[in-house]
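Both of the next two complexes hold subunit A, though its partner changes from subunit B to subunit C.
Then we have the complex of A and B:
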């Protein structure tokens, strides 16, 4: 009984998760990539991608989602996002003379590759926000498991 | 229907939700009603014509609801007991709110009226944003090009907070506690 409870939720929740997870990831990627044309951007798209993995965590349990993206991989992706923003800033400083100068060509409006370095910046923010929120949820899941098992052992002693 | 009337309706709904959040005894119901307040706020942003911030508000509200429900659902749902000295706390809070309201009345006199914002900086962004940046979403062109350094700082705030969370929730220090180690071996 206890093992079933720890390995996730019911069959209904798992089926709905299987159906919906692809749409969530694609819509998150759309919001990030088209952030400079339509409303959206790196922050909401990143949170949406983090929510997709949090849904997997809630439905299937921590072991399954850690086999997809482990905590170490997520934290490395998080650091890569931060580093990309820093490198963009220093390239702008080297080329244009100001930190975070928009050094790429502007292109024609309403095209996917327009707006210079904004698309790279959005992708970096997506990595940063999505992976860090996902890692926070994983850490809280670990902590909660330890706390609840601790409470259960205390109750068993009583 | 007038937009201002709709905004007033949403504002009244949000105030009622906030009161329910504070006054209700069950913790889970309080979390649900604060979620209602957040979703109403995102609707208010939509009526004000800010789809960017409405999307962000909806998604962050979902995430915080998941975290809050996960934090409260396994805990015993007992409200905080009322203590005897709460009369003094209420009086102090009322006096401070009154002082803040009096000063806010004078402060709001000097602001621009609702619906007629000051367009000194915004005019420059709206006129030159498409030529200088090339992005058709002007919010993105402001936060990622004109004000890119602010966004950089916000991303780094998240980075520092994650580092702090991992410093507190780290595993290698927990290994020294025999209590935690025994539980980890059991499962």
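Then we have the complex of A and C:
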């Protein structure tokens, strides 16, 4: 169908990916934001968001997904997630006298803005976990490419 | 005052993350200088909290049985001193040493994570939290062992990873067992439950005891579980060998064993005998294997196993005198083994080899390194007035006064063996005539020599002022170990 060699998988996979990618991201964000009210939280939500990007990598190839979030950006976002958690801890230490003291108003239970800093905390964990998984996958994809090119050159020599 | 305790782990992690971010723009100087400042700040905090007695910090404001607590008592204070002083001097040493690897960013990030993990293990009063910090320190050390990415180093790192992960699983299972009986993971609360309900012979508790001995024994490098140690110690870069041998096996292995068996579960005669047996086998195997090594660092690694055996024997005997000896030996070993590994790194940097058969006559070419190596070798061999003599003497005296005559004889015999293979090291490396390969050898740079001199001065000063060190640092720590009820009441406030 296509004349030039295209990266990634077939047209079917790409179409399905286009369809479900938005749902995955929205559901991941929901799991993160409602982590303190319903089951879930930063970790599972972060994994879902990372999986959305991994799906794009599988369907379209590494180059496309790296134009969205490059390895360096992902790494810095990952570090910022960790830094936010630490800063929350330090603010708690300053205000309440204990590390990670919940210094924000608690609000009414079962509303979105309740439970103090937990929502910020979940967002930070989402950044940390999601970006870490994404970078690990990128690194594995690079490794894969190195191995395959090495095999190809070997075959060429033969 | 108790607000300072979480900083021991939070500051290194924060610095590590900052190094990862800012280090992307300033690859060379920022990681080195920032980690030096971090380590220095930890020493300042340690000075501030040093003589404030037992300090409890409730994380997030949750009371002890429910939340995580950090406990700084006289035992953790001693361990914090060892960890942070060794880490500070090692970072100074790495400032120049690490230049040849050309990757400052990851080295210092992982180093600071390892430091944070070890500080956390020492400070925590919660079993599961101990596991988490132990994993942080272990995983950072797996990566650091394979830092040179040669085939041999990666093999050592992989071996260490597999065995270390196995040990972590054992420890986690042990904690699960403890939780199944007591319904708590807070160390003081678990200890209270075990003491109140007199659970000494409980089967699940015995199972947990076995799992802990295997898990922490592997982290400590005691003999049936020592397979990873010689490979990991000899393939790691010299600063990492120092951290592994000088601090990591003590904090993750010996300290955790002491804390869990003396403060939490309570020591029983069976466990004591297991410690003594493992210690004796470690001493002898380490010493005999030390003879056969041509690689300098491998010899030091086997010597570490041997000296860990001394400490395990001291803990196993269990009398106050023996525990004083074991803790003093732990402190001393951190000093002289760090010194020896740093010297081996300096020798390797200057000469390009660390094989005993290829070296010789370094006392003319590298006078300072030779002097510090000799001091380290004499200290570990137990020659007065250096520090190793006094701690070995105390352990031997404790063995005789507790009625273990054969054990005392073996301890003396191993001390002679240690002296013998360190004399071999001195003869082949420091004295004798230089081989033709070593014509153009020069002294190591100042930043590498300086920490070695500091460690050598420590070895001498601790040896001379041993009474002051024992009465001000060791005996308070021993008081914590032998007073299980005191630990429970000081943490839970009952």
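One rule holds in what follows: the second predicted complex is superposed on the first by the 152 of 158 C-alpha atoms of A that agree within 3 Å, B and C clash if a C-alpha of one lies under 4 Å from a C-alpha of the other, contacts with A are read in each partner's own complex, and residues count from 1 in each chain.
Rule of thumb we're sticking to: contacts are C-beta pairs under 8 Å (C-beta built on N, C-alpha and C of every residue); 3 or more make two chains touch, one makes a residue touch a chain.
Because the structure is predicted, anything quoted here is derived from the model rather than measured.
**Student:** After lining up the shared chain so the two structures overlap, which partner does A:50 touch, if you call subunit B first and subunit C second: first, second, both or neither?
**Tutor:** In the superposition, A:50 touches subunit B alone.
**Student:** Looking at A:123, would you say it contacts subunit B, subunit C, both, or neither? Reply first, second, both or neither.
**Tutor:** neither
**Student:** Once the shared chain is lined up, is A:115 touching subunit B (first), subunit C (second), both, or neither of them?
**Tutor:** In the superposed model, A:115 contacts subunit B only, not subunit C.
**Student:** Report the partner of subunit A that touches more of its residues: subunit B or subunit C.
**Tutor:** Touching more residues of subunit A than the other partner does is B.
**Student:** Would you sort A:89 into first (subunit B), second (subunit C), both or neither based on which partner it touches?
**Tutor:** both
**Student:** Touching A:136 in the superposition: subunit B (first), subunit C (second), both, neither?
**Tutor:** First partner only, subunit B.
**Student:** Look at A:102 in the shared chain and tell me whether it touches subunit B only, subunit C only, both, or neither; answer first, second, both or neither.
**Tutor:** After superposing on A, A:102 lies in contact with both subunit B and subunit C.
**Student:** Give one of first, second, both or neither to describe whether A:72 is in contact with subunit B, with subunit C, with both, or with none.
**Tutor:** After superposition on chain A, A:72 lies in contact with subunit C alone.
**Student:** Touching A:40 in the superposition: subunit B (first), subunit C (second), both, neither?
**Tutor:** first
**Student:** So which positions on subunit A get touched by both subunit B and subunit C?
**Tutor:** Subunit A residues touching both partners: 75, 82, 89, 99-100, 102.
**Student:** Okay, in this complex, where on subunit B does subunit A touch?
**Tutor:** Contact set of subunit B toward subunit A: 51-52, 55-56, 59-60, 62-63, 66-67, 70-71, 74, 130, 133-137, 139-141, 143-145, 148-149, 151-152, 155-156, 158-159, 162, 165-166, 169, 174, 179-180, 183-184, 186-187.
**Student:** Residue numbers of subunit A touching subunit C in their complex, please.
**Tutor:** 72, 75-76, 79-80, 82-83, 86, 89-90, 92-93, 96-102
**Student:** Touching subunit A in the complex: which residues of subunit C?
**Tutor:** Where subunit C meets subunit A, its residues are 2-3, 6, 10, 13-14, 17-18, 20-21, 24, 57-61.
**Student:** Can you list the subunit A residues touching subunit B in their complex?
**Tutor:** Going by the criterion above, the answer is residues 6, 31, 35-41, 43-44, 47-48, 50-51, 54, 58, 75, 78, 81-82, 85, 89, 99-100, 102, 106-110, 114-116, 118, 121-122, 124-125, 128-129, 132-133, 135-137, 139-140, 142-146, 148-150, 153.
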